[in-house]
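Written below as structure tokens is the structure these notes are about.
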């Protein structure tokens, strides 16, 4: 356990690097923005997956809900760019949280593999439904408003915005895991029947955990949708076979059930993905499938788990 | 003294097998009641029905004046009826201290309580109970690293942490080193006399249950065979026959 | 939903939907049986099941394009997929057999993405179909059409299913497979080579998927991204029917086929897969609620 002063120093150093990055490597700003998105994906998955034992393959549902909610608000509310963005983002977080609150009691009552496949179905059903719903653009999706600023400023704006979302997510999880809530969801993971036998309100805790996940995913969806400029139902908003499964993989790669594991996993994964996309053009998705298979089979405990064993 | 737990004409079948037939028993407040019977007599099924693990076919179960036969496990637990498991279930990956903390009573639980940290009273109570079962110096060890007997004690401490009205113990001495059984029985008696917890205990260890219980029910073939004081049960010909017959 | 009135105005339409549903349901049931086999014996949920089906379809597609008549191509596809799956087992699947279900889901999901993208990369994302050269039968004064190839698919699925049942009951390897499914440790102690059993089971599943894929290619269409819907259909059927229940699998398959046909007719073809995936969630949650009333859970 490191002393508080060294920990504070580490956080400060990281913060400095993160804040300075767009100025140090301006041409990589968008890629680094995606890194923060991946960090949010991995962290929000892990609270329900690694910490609570409910391995969801459909968390992307809340990401898409957030993206669409924000885009609809921006399209219809009539405020200026930043006003509508702020309102849209807030509503996106709310929409995601509400979806989790409504679906939670039913879906989180499923256990193990039924929950996994069930959430997978949920995510893909959402993609198909969104692709047919004309109000939100159907198969072509929706366009988000143009950022009122120069090209460089636009990239930096979204970089810092997603960085803020990632930091908020991390800080919230860190606070939660240090208190009662973290212990309770760990108990649910380790022995849910025992937890029930001791009177723990498992349904309530499970739903709240999923809502927290959904809140930050909704936020991320709103921001990412605006960063990209358009929202496509199958490849972006409810991308079950890419974002959806990457969420699981990143947390596993870094180390499930730890605070830093998902962050590390997201970084390693993102770099790997960029390498694939740059050098294996055309075959990058094939390589990604192979990568998922290899990690799942050979590195189930992840990087942090490997470190702990090596000690 | 009024009955804390009342089971009336409980009947439970699995497919064609009648595990409990018209079983009735009652446990007065502050009492220690034992439940014995040869293997297959339906003791565990009765237990599982009481705590809400199984639905019942017919009959009624009342706890603290409330009908609980239709409630779910966590609801019954929150009413103050806690059970321990025969295989001893604890949270293996957490430390003993964390096991204790998580076992605290979960009464009203709004968002604020859910997200808070454990107050110092909780930690003090946990320390006291770990001391009570003799595990204080192992507080920070992962519970999975304790020996079986120690895990049993931890499970008991966790149950006590919950401040239950009544504890249902499923073979508390099973698998415990004979030299430690006396200590365990002693602690159970103290839990009853000092903490005011009513006990219903399934046991196979005759010496232990005769020493511990004030009243004993004996099941055989799913039915209530005999009921009375330990002396009466020991001298009851039918009880002896039931045990010998199964062998 | 405008078509709803059509159903009551022209009742014979119901017969059409029913018939088509049952015919396609047989293929669904077949694939589900393969998934149940792997699940029961190897304790492994194969998310790539749909992609195995697709591969079988593509094998038939290319054989037919090279000049082979379609019907004989189906057993060849089955054989090819049996070998492919046997090889997959030896190379990677054997590592996830005794692990937890989550690992198998994630790993086979990766495998499914790998196969899906490989097909897409090599052969493009066009929708393909195989001309069977068979005609159609007409009933009820020409109002009900049954494509002969669908009947062939139905009979083929049935024959394959019967062959499987015979194999599992009578053949020594089949019995070894059933023993391993019931109690792996006991089977091992009694001398069953569980590794061989696993390889054989995975290969048999491959053969089932290969044949089913060939039938699908002839009867409907295949394209690289349709795999997951077959996986989800199989999973649904297994959940509803239970692992050891052949009659249940057949009935559920037929039920699903009919339900899907009605959904496609009433909601429009573009919502048909949305219906399938939504139905999965409804079935899982509904079944769980029903079990919870009896204070049990889907385990």
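Here the chain labels run A, B and C in written order, and each chain numbers its own residues starting at 1.
In this section, contacts are C-beta pairs under 8 Å (C-beta built on N, C-alpha and C of every residue); 3 or more make two chains touch, one makes a residue touch a chain.
Remember, predicted model here, so these are calculated numbers, not experimental data.
The interface carrying the most C-beta pairs in contact is the one between chains A-C. Chain A has the Cα centre that lies closest to the mean of all protein Cα atoms in view. Comparing the centres of all chains, each the average of its CA atoms, the largest separation from chain A belongs to B. Per-chain Cα centroids separate chain A from chain C by 32 Å. Separating the centre of chain B from that of chain C, both taken as means of CA atoms, is a distance of 48 Å.
Chain A and chain B, compared by their mean Cα positions, are separated by 43 Å.
Contacts with at least two other chains are made by no residue of chain A. Among the residues of chain B, those in touch with two or more other chains are 72-73.
On the side of chain C, the complex with chain A involves touching residues 45, 92, 95-96, 99, 101-103, 105-107, 109-118, 120-121, 228, 232, 235, 239, 268, 270-271, 273-274, 277-278, 280-281, 284-285, 288-289, 292, 297-299. On the chain A side of its complex with chain C, the touching residues are 55, 57, 106-107, 109-114, 116-118, 120-122, 124-125, 128-129, 131-132, 241, 245, 248-249, 252, 282-283, 285-286, 288-298, 300. Every residue of chain B that touches chain A in the complex is listed here, in rising order: 51, 72-74, 77-78, 82-83, 85, 89-94, 98, 101-103, 105-106, 109, 111, 113-118, 158-159, 162. For chain A in complex with chain B, the residues that touch the partner chain are 175-176, 178-181, 183-184, 186-187, 190-191, 193-202, 204-205, 208.
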